[in-house]
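Two complexes, one shared chain (subunit A), two partners (subunit B, subunit C).
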Partner chain A sequence: MVALLPLLDAILQHLTLVFTSLAIGISLATPLAILSVFYKRVSYVVLTIINMAQSIPSFALVAIIVPLVGIGFVPGIVAIVLGSIVPIVKNMYVGLAKTDIALIDTGKGMGLTDLQIVRYVRLPLAYPAIFAGLKFSAVIANGIAVLTAIIGSGGLGRVIFEGLASFNINKTLSGAIPAILIALSLDMIFSIAEKKLKSKSVY
Partner chain B sequence: MTKIYKESKAINDLSFEICKGELFVILGSSGSGKTTTLRLINRLIDPDEGAVYLNSNDTKTMDPVKLRRKIGYVIQQIGLFPHMTVKDNIGLIPRLEKWKEEDISNKVDELLTLVALPPDLFRYRYPNQLSGGQQQRVGLARALVMDPPLLLMDEPFGALDPLLRMQLQNEFLSIKRKLDKTIVFVTHDIEESFILADRIGVMHGGKMLQIGTPSELLFEPSNEIVSKIIGAENKFKAIRFLQAKDVMIPLDKSCLIESDISCKETINMMISHKIDSCIIKKSNSDIAQVSLIELLNEKDKAKSILAIGNKLNVFASNDTLSSIISLLKSSNESMAVIIDRGNVLGIVRINSVLMNLV
Partner chain C sequence: MAAILDTIISVWTTHQITLRTIQHLQMFSIALAISIIIGVALAILVYSNPRLANVWFNVLNIIETIPELALFIFLLPILGLGEKPTIVACILYSILPIMRNAYTGLAHVSNEYIEIAKAIGLTKNEILLKIRLPMALPLISSGIRVAVVYIMGIVTLGGLIAAGGLGVPLQAGIYRYDIPAIIIAALWVGTLGVIFDFIAWVIESRLARRFNPW
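Moving on to the complex of A and B:
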C-alpha cells in the first residue's frame, strides 16, 4: 500500500507547481498581450517567439532547463511557465485585438482612453477567448508538472516515476490517478471562475 | 470652425464654418471625405495641415479625451457595448466622471424617456434584446449623456429599413427641437439631408463643393457635380421636402395692409406704390388678397378694407410644398400666404412654383 501522508504531500506540491506557474504565466502574458494590441512591432516579436516555443516538445523543454537554470523546484516552475504560457498570451492577444472596430470607434469617440477601452470593452469581450486559453494552458501545465519531477521539482510525477522504477503498479497509479483528476478539475475550476466574473457588473 | 487639411487628397483644402445651433448635413457619396471630416472634428484623426476650431479655440490644444466627452458621437454601426445593459452603456462615461449613482440613474431614465423608450422596460436590457431602431435610440441617448453642445452623427439611420428610417428621422427632428444643440450629420442620402438639414454642405473628392440651404442647392447649384449629387434635374421629387419658406415669394412690406383703413385710402396707397394687388391681414388666421381693379369696382369707397378681399389659404413656413399644393388643388385656388408667428412672410403662387421646379 501507499502511505497516505506522502501522497497528500505530493498532491499539494503538484498543485503548487501548477498554480504558481499559471499565476506567473498570467502576470507575464497580460502586459505582453496588451502591449501587442497597441504596438505592431511588439506583437510581431511576441507572436514569433510564441509560435516557436509552441513547437518545442515538452520533454525537450524540461531537458534544456537543466543546463540553463539547474534542477529543483524553481527550474521546474520555469519549465512549466515556458511550456504553458503560449495559449494564455495567444488567446489573450487575439481576444483583445479582435474586438469589433465599431465598438473601439464609439468607445474612443465617447471619450474613453485606450486603457479604459481595454478595461471596459476589450477585456470583458475577450473573456471567452482568455478563459479558453487558460483552460488549455492549465492542462499543459499539469502535464509538464508531471515531467519536471525528473529534474527534481517534486509533485505527483515523482510518485509516478518511483512507481515505474520499482515496478510498483499501486504506487504508479496513486500518482497517475490524482494527476488525471487534477487535469479534469482544472477545466471545471476555470469554467466556474469565468461564470463568476461574467455575472459581476462590468464596473 | 475652419479647417485646412491635405493628405493624399482624402480631405483637400477644406475650409468651412458651422454655426451654433444649426443642423449641418455633410452630403456626399462614399469616398467623398465626409466621414473623415466628421472624425477630424472630435480628433479621432488629426489633420496634417490646418486646424479645427471650436468656439475659436484650436482643438489641437485640448486633451482629446476631454474634448470627446463634450462632443456626442453616433455612428451607423451604433456600437453599443454588448456586455453592458442599456443603463451601463449610457452611464459609462458619467461613472468614469464619478457622478453619484443616483444622478446617473436619473439621467439614464431622463434620456430613455426622451428617445421614447420607457425606462422601466429598457433600463436593464442588453443590446441584443433590442431591435435595430431601439438600439439606435439608445445610441443617441448615450451620445447625449454628458449634455454635449455639439453632436456628431455618421449615417446613424443608414442601416435601418426605409420605413423605420423615416420614423426615426421625424423623431430625431422633434428631439432636436427640444435640445438646442449644434449637430453635424453625415449622410449620402439626399432625401435625408433635405428633411433634416438647416444647411447642407456637398462634398466630393475631399472638397466642399457648395454649402447652402436645401432650396439654394436645388435651385442654384454652383456646378454640374453639385447638381448631379443633389438631383437638381429632377426637382419634382423635392416637393416632399421643400418647405413653404423655400418656394415663397417674399412679401414687400408695402403690399401688406394691417390697419383698418378705407378702400379709398388703400387705392391711393396702391397707386402711389405702383402695386396692383395687396394682402390684407385681418387676423393671424384670416388673411385676404385684393386687386386694384376689384377695389376700383367697389361701389362704397368708404367701406373698411377689412370687410372685403378674397380669403387666402394660410400655411406655416415649414409646411411642405406637397401639402400646400394638394390643399390648393382641393380648394381650387392658385395662391397661398405664408405666415410665421403672426408675421406675413410671403406668398406662394402655384405658377411660380412650377416655373421654379421645371
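Moving on to the complex of A and C:
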C-alpha cells in the first residue's frame, strides 16, 4: 500500500510547482508580448528566441538548470517557467498583434492612448487566444513538473522516481495517476474558460 | 581554451556521447517513420468522415495532455524497460499533430480542383493520390515538424527508463553532480533539437512553395 498522507503532500507540492510557474510565466510573458506588439525589433528577437527554445528537449532544459541555478524547489520553478512560457508569449503576441485595424483606429479616434488601446481593445479581443496558450502551457508545465523531481523539486515526480528506483509499480502508479488527472483537469478548466470567452468576444 | 577542449574530449569519451547520439538518432528515426506512416494512414481512413475523425482527435488529445513520464509508467508493465516503451510513447504523442494536419490538408482541398478531377474522369482513389495528397503535403510536413520536436524530447527522456540515447549522460551528470557532463550533454542535445527543427522547417517551406496553390 502507499501511504496516503505523503501522497497528498506530494500532490499539493506538485500543484504549487505548476501554478507558481504559471503565475510567473504570465507575469513575464505579458510585458514581453506587449513590447513585441509595439516594437518590430523586439518582436523579431523574442520570436526567434522563442521558436528556438521550443525545439530544445525539456530534459536538456532541466539538466542545464543544475549548473546555472542549482538543485531544489526554486531551480525546479525556473526550469518549468523556461519550458512552459513559450506558448503563453506566442499566443499573447499573436492575439494582441492581430487585432482588426479598424477597431484600433476607432479607439484612436476616441482619443485613447496606445496603452489604453492595449487594455480596452486589444486585450479583451485576445482573450481566447491567450487562454488557448495558457492551456497548452499548463499541460507542458505539469509534464515538466514531474520531470523536475530529478533535480529535487519534489512533487509527484519524486514519488514516480522513487518507485522506479525500487521497482515498486504501485508507488510509480500512485505518482503517475494523480499527475494524469491533474493534466486532464487543467486541460478541461482552460478549455471551458476559452469557450466562455470566445462566446463573449465580438467575432 | 585548451583546458576547455580537454574537458569536452574527456566528457565525450567517458560518457560515450558518439554511441549515445547514434542510439538517440536510431530511436528518433524509427519513431518518426512509424508515426508518419500511422498518422497519414489514419488521416486517409477518416478524411471523408468528419465525425469519426473527431472521435480520433478527442482520444489522441487526451493522450497528448498526459505527462511523458506518466505515460512511460503505464507502458512499462506491458513493454518492459528500454527502447520499446520509449518509441511507443513517441509514436503515441506524435500521431496527433501529423494526423490532424494530414486530415485538414486532405479534407479541405478546394472544391474546384475536385470538380475538375471528377470531370476528367478520375476515380475517388485517383483524386486522393493525385490531387488531395500532393496538395496536403505542405500541411503534413508542418505536422511532421511538430512531431520532430516532440520525438526529440521524448527520446531524451527515454534515458530515464534505460533506453540509452542522450538522456543517459544527462541523467548521469545530474546524479553525480558532474557539471561539465551536464553542460556538454545538454548543449549537444539542445543543438541537435534546434538543427532537426531547422531541417524540418526547410523541408516544410520548400514543399509549401512547390505545392501551395494560394
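Observations on the model:
What we mean here is this: the second predicted complex is superposed on the first by the 190 of 203 C-alpha atoms of A that agree within 3 Å, B and C clash if a C-alpha of one lies under 4 Å from a C-alpha of the other, contacts with A are read in each partner's own complex, and residues count from 1 in each chain.
Definition applied: a residue touches a chain if its C-beta (ideal position, glycine included) is under 8 Å from a C-beta of that chain, and two chains touch if they have at least 3 such contacts.
Quick caveat, the model's predicted, so the values are computed rather than measured.
In the superposition on chain A, contact of A:Leu173 is made with subunit C only, not with subunit B.
Of the two partner chains placed around the shared chain by superposition, subunit B is the only one that A:Pro124 touches, whereas subunit C remains out of contact.
Counting residues of subunit A touched by each partner, subunit B versus subunit C, the larger count belongs to C. When the shared chain is aligned, no partner comes close enough to touch A:Leu28: not subunit B, not subunit C. Within the superposed three-chain model, A:Met110 lies in touch with subunit B and out of touch with subunit C [touch as defined at top].
When the two complexes are overlaid on their common chain A, residue A:Ala102 makes contact with subunit B while staying clear of subunit C. By the touch criterion stated above, subunit A contacts subunit B in their complex at residues 100, 102-103, 105-113, 116, 120-121, 124-125, 201-203.
Across the complex, subunit C is touched by residues 52, 54-61, 63-64, 66-67, 139, 142-143, 145-147, 150-151, 157, 160, 163-164, 169, 172-173, 175-177, 179-180, 183-184, 186-187 of subunit A.
Against subunit A, the residues of subunit B that register as touching in their complex are 42, 44, 65-69, 73, 75, 77-84, 88, 92-93, 95-96, 139, 142-143, 146, 152. Taken together, the subunit C residues at the contact with subunit A in this complex read 61-62, 64-70, 73-74, 76-77, 149, 152-153, 155-157, 159-161, 167, 170-171, 173-174, 177, 179, 182-183, 185-187, 189-190, 193-194, 196-197.
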